[in-house]
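Quick heads-up: structures coming right below.
One chain, chain A, links the two complexes that follow: it is found with chain B in the first and with chain C in the second.
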Partner chain A sequence: MSTPTRVGASVTEAPTAAPDGSAPRRAGVSPTRPKPFTPWLFLLPYLALFTVFVIVPSVFGLWISLHEWDYTLPNKPFVGGENYAELFDPNSVNSGSFWTSMRATGIFTLFSVPLLLVLPLLVALLMNKSFPGRNFFRAVYFAPYVLGVAVVGLLWRYLLDNNIGLVNYYLGLFGLPDDTAWTTSVPAAWVALVGVTVWWTLGFNAVIYLAALQDIPGELYEAASVDGANAWQKFRNVTLPGLRPILTFVTINTLIASANMFGQSYIITQGAPGRETRTAIYQIAETGLRNFQMGDAAAMSYVLTFFLMIISVVVFWLFREKKEKPVADESATAQSGGIR
Partner chain B sequence: MTALEQAAAPVAVPTSETRADAPRGRTRVWVVVVRYVLLGVLALIYLSPIIFMLVTSFKTRADAAGIPPNWIPDPFTTQAYEAILTASGTPVLLWFSNSLIAAVLHAVLVVVTASLAAYPLARMTFRGRGIVFSVIVATLLIPPVILIIPNYLIVGNLGWLNSLVAIIIPTAAGAFGVFFMRQFFLSLPAELEEAAIIDGANRWEIFLKIILPLSKPAMATLALLAFLTNWNDFLWPVYVLFSADVQTLPAGLSTLQSANAVRYDLLMAGAVIASVPVLLLFVFLQRFIIAGVSRSGLKG
Partner chain C sequence: MGKRLRFTRFMQGAAIAAVGALALAGCSGQGGAESAGGEFTGEYDGPEVTLQYWNGFTGGDGPFMQQMVDDFMAEHDNIKIESTTQDWADFYQKLPAAVTAGEGPDVGVMHLDQLSTMAARNVIVPVDDLAEELDLSADDFTEEVWDAGVYQDARYGIPLDVHSLAMYYNTDHFAAAGITEPPTDEASFQEALDKLTAAGFQTPFWMPALWPGHLMELSLIWQGGGEPYSEDGSEATFDSEEGVAGLTWMRSMVDEGYSPSDVAIDAQYIAFKNGETSITWDGIWQINDLTESGLPFAAAPVPAIGGEAAVWANSHNFFLPRQAQADANKANAAKVFIAWMSENSAEWAGAGMIPARESVRDAALEGTVQQPIADQIDTMRFLPAVPGLGPVQAETLEVAVADGVLGKASPEEALTREADRATKLMEENLEKFGG
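The block that comes next holds the complex of A and B.
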């Protein structure tokens, strides 16, 4: 698994391994001549789920967004792009609350993503040294991640309580302000939401980084040492380039996770103060699934998706291969597989 | 066991034996002590919120709201658990069993459908394979948010709203499991199947008798990840389950909060009940969970 060739080996080497000495066959075709529908029978259960709950809804959503679609009403008149136009019309009912929520998602993403890219890398670098008890400490940083957002939310709502919370109490002990309204005022609420999210999910990215770090061949570090590179130069010239394939994945993944932030805001701040920390996905769910304005909500989700796509393209562009060294999908995955 | 261990190897957490650390001289004992004390203190701080949750769940109402906060319950009491487990309107035990049923069935569904689908994608050549795989890859780029509204309507049309089926089945359509299993199948040596093919075995026999037994570690990892994801899922259950008796623990706990805004003893007891299964799984099966997450980097 350490090289791309190995990953493809099962497919590419099959012809030469033709057991009956006949002409090399195409990979994977068995001599018993499987019925052509056999692979489809294997695929059927998953493809049924995939079609009904992924393919159909991704098109159906667009259709909904072109209608005045109220779940509770019998008529769902076609309105074309009106739901979209309303979002860009400052006088409409939904526009203000939607863009407030987009702003909330933007603020949260802007502050959480850099922290969730850098801090887990530091933890992973620390854990990359071999020492007794390493697995224990790795588990410690990962542990909060296995708790669900509901538990994490309730727990931190308690810890961040204005009056009886641990956070304010210990801040007071250190002579800092002990009356910050972490859950009901901005910018404190943003600090709280970002901080809780970093605590909760730091271990996830750290584990992915760690696997990638361990896939960087030790010989590269030895060669760098021979060349007289110091620790920083090794990090800059060996570690970072080795991490680049996985960095794109981690960045996109973290961006999408942050842009989908819901539970923290739903439980810890409940959108407060006002609706300032109500995120876009929260607003979409409330509009569509509580107020049943599904046409509006679907339109909102496509606008949010549009922004996410643009940001993803920018990320891919930022992390693109600088030198013309083709790195195929499989080599990137082999890198990140972290298996030796 | 050799074959099984080989098969397990790809999901094993990598160790850093081959990572060449710079040779250092004999480190003094106190350096080691200081390093571990520092690491230990940091670890304790990192886990302190979880510890405090556990501590608070054994406090009285007054103690839970006390300043300065107690790190040892005074008095130690299980009354929060008794109160929360017997309160009408917040059937925590029922939520617990709902969560358990949903997460187990979801994990089984994911492992079965993903393994079946991944096998031909990894090991058979057939017309349409490339297209099917590309379409599945492409959907990884679809932000889940655009599926929420239409899936609510689809689930509604199927008559699944306000029922556990709504949180067991639709989320099993995600592409991660298929990727995960496909990647694993690709790592198995092709010779195993070729020998069976010479013996005249068909694809189903090969899959059931050769591939699956070798794939237990990968399937266990996928099942665990699917279980954890489903157990912790929040947004979807909050909106598709509306009566108290069909809720899962996370969705139920959020209603507990509005009902008992300042009863932190009760809330922490509820949070502990929701955490115990996943923390136990984590403590005992940590290796699989962490290996699975390391490999989720493959998703890209």
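The block that comes next holds the complex of A and C.
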């Protein structure tokens, strides 16, 4: 993000350097002046990857979504907007299950995002204190994040099993209800899926928060102390504003990760009961990769993307609302570039 | 370690295949798209070839398959087999992609109910000439298995085995409850459940909401004399009277307390392995796993709850994929491989399967756990050869059975709703594959 800015700055400096040179080269051109394609060269390695793996597939996906597309069949008839229209036609085969899955994604996101924003912050605040064994605990909280979704899913699928799982067994030992069907009934399945996801990814957000906390200058806290601020006031007026730039990133990132939830429900509940915990990505994968209805699946993806874009815009708008601090605002803009 | 080993082998195989493809690019024979290779002579005496062999035997059946492959290679100096084994679910997703990209195997094994789908997708080629050359005919196979390998008048698979659902029971529990003979119909099954409950086995028959619940439901439909799908693939009929009766019976096991509610994925099987439940219906391919666990168990045919004896079954079939580079040598070697494996399928009984060939079957099964099930091979029922049916079933019947067993919807409501959906999907498929 910052490279083009610097290039721009040296361009404006160049003319002032030119009069010194008496050599016969073109006036106004410094020998060290960057060529116009320099920024593009710097961008090239990533741009190439970005083009091949993001731009081309998304444009191609749009093309696929306009067809009845099965890549194993020679005949891929063009159907125009029919795949999209079908999603909004309650009588079609795919619309019911698609909107159920969108609802499932919505429920999951609604409950997991607030928890994944607040709990890691609390953990980060704790880990920012100095106490014996701090590094150990930092590692412990981050540890689940290094596990793959398959490991986490299988592990919890057996732990949460309502008839043979350890979770219900221990609940029973403590005299709590021990017959909750964690993986086959709602809302218990949602509690389980959100709980597992929080346990699994909490460490990631906590580490980002922790890094941001360590960036807040100590002098601010000292100044606040001198002004007689108590702990809550310091948190409210020093810590939170200091975290503002990172909050946008964490929020968007968590939102998108939650909206893309797939592995947990695929492995732990297999969408049970019925199709209720089948998320949008799950449904898209089933439609496109198992049923080979790639046109429909691509259309579903674009509808999901559309919703995610709206939500992202809303989040940016929320975090940009207060404009009295231009510094925070600028950092937020910089973050927007980093989210990809 | 194992994974890395397999990967390197895969890479080696890929390299060899690539070199082979280059060498043959100049002089590649005209194999034709219709059938792989040229005239099949029954023997292969050409130059040394390496065949990529794909299968999905990831469980207790894997070592037996490897043993057969090793035996084959010991007898055939000029044919080397590189096996790639992956989960069936992945297998069916990857195979069309790999073949379309020209990176597919030279020979492989797939389930009978996938043949028509893969044939319609132009992933596999007919093997009629091979069946003819081997003198294979319906006489040596059960008619149902043999006929189900035909799609649009061409044969696409050479059956290796048949495998069905079976009733496993804990012999200690049965002895304690005073049951001497495994139940065979609804009355005796009910009696067995009551005796087991009376003997202190509180939940003797756990009813799974997911796998293999839909296979139980299919069996019950056939037992009642119904059909889950119309033969021509135009309609789902699992919401028939027989279907509702079947699912109602499954749910009644929960309502009457023989099964706990909300049995999650695999829980019924693990409970059976742990001796927590006395009876479970599962595939015969689990025999080795159960034997290894040391559980005192036996297997019997699934009782005829719905009336006549019938049980869901499937079959592993050898197939030849369509290859971008038609290589007559490889195609012929692959046919030799299939022929040999079919003739020597006795070894395969060790994997808990039932060899498909009658001439091999009886001797191979003598004294095995699956023998009582194999005796009822004539009651085994297979899904019709309708392209795209597998995914449709996963999307509809499985959901209906899950909803019915969990009690989220009445059996009738769940089945009717999902059968409507299934019919729509099947109509779409007919249109897609029909043209």
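Rule of thumb we're sticking to: the second predicted complex is superposed on the first by the 273 of 340 C-alpha atoms of A that agree within 3 Å, B and C clash if a C-alpha of one lies under 4 Å from a C-alpha of the other, contacts with A are read in each partner's own complex, and residues count from 1 in each chain.
As a convention for this text, contacts are C-beta pairs under 8 Å (C-beta built on N, C-alpha and C of every residue); 3 or more make two chains touch, one makes a residue touch a chain.
Being a predicted model, the structure only gives us computed values, none of them experimental.
In the superposition on chain A, A:Ile164 makes contact with both chain B and chain C.
After overlaying the two complexes on the shared chain, residue contacts for A:Leu73 are found with chain C alone; chain B is out of touch.
Touch criterion met: A:Gln214 reaches chain B, while chain C stays clear of it. Applying the stated contact rule after C-alpha superposition, one finds that A:Gly133 touches chain B and leaves chain C untouched. With both structures placed on the common chain, the touch criterion links A:Asn237 to neither chain B nor chain C. Taking chain A as the reference, the larger set of touched residues comes from B, when chain B and chain C are compared. Legend: residue contacts after superposition of the two complexes on their common chain; A:Ser95 is shown touching neither chain B nor chain C. When the two structures are aligned on the shared chain, A:Leu289 is found in touch with chain B and with chain C. In the superposition on chain A, chain A positions 71, 157, 161, 163-164, 289-290 are in contact with chain B in one complex as well as with chain C in the other.
Residues 93, 96-97, 100, 121-123, 206, 209-210, 260-265, 267, 270-271, 274, 276, 388, 391-392, 394-395, 399, 402-403, 406, 408-409, 421, 424-425, 428, 432-433, 435 of chain C touch chain A in their complex.
Against chain C, the residues of chain A that register as touching in their complex are 68, 70-75, 93, 96-97, 157, 161-164, 181, 183-185, 270, 272-275, 286, 289-292. Against chain A, the residues of chain B that register as touching in their complex are 9-22, 35-36, 39, 43, 46-47, 49-50, 52-53, 56, 65-69, 112-114, 116-117, 119-127, 129, 132, 135-136, 139, 141-154, 156, 169-175, 178, 183, 186-191, 194-195, 197-198, 200-204, 207, 228, 231-235, 238-239, 249-251, 253-254, 257, 264, 267-268, 270-271, 274-275, 278-279, 281-282, 286, 289-290, 293-300.
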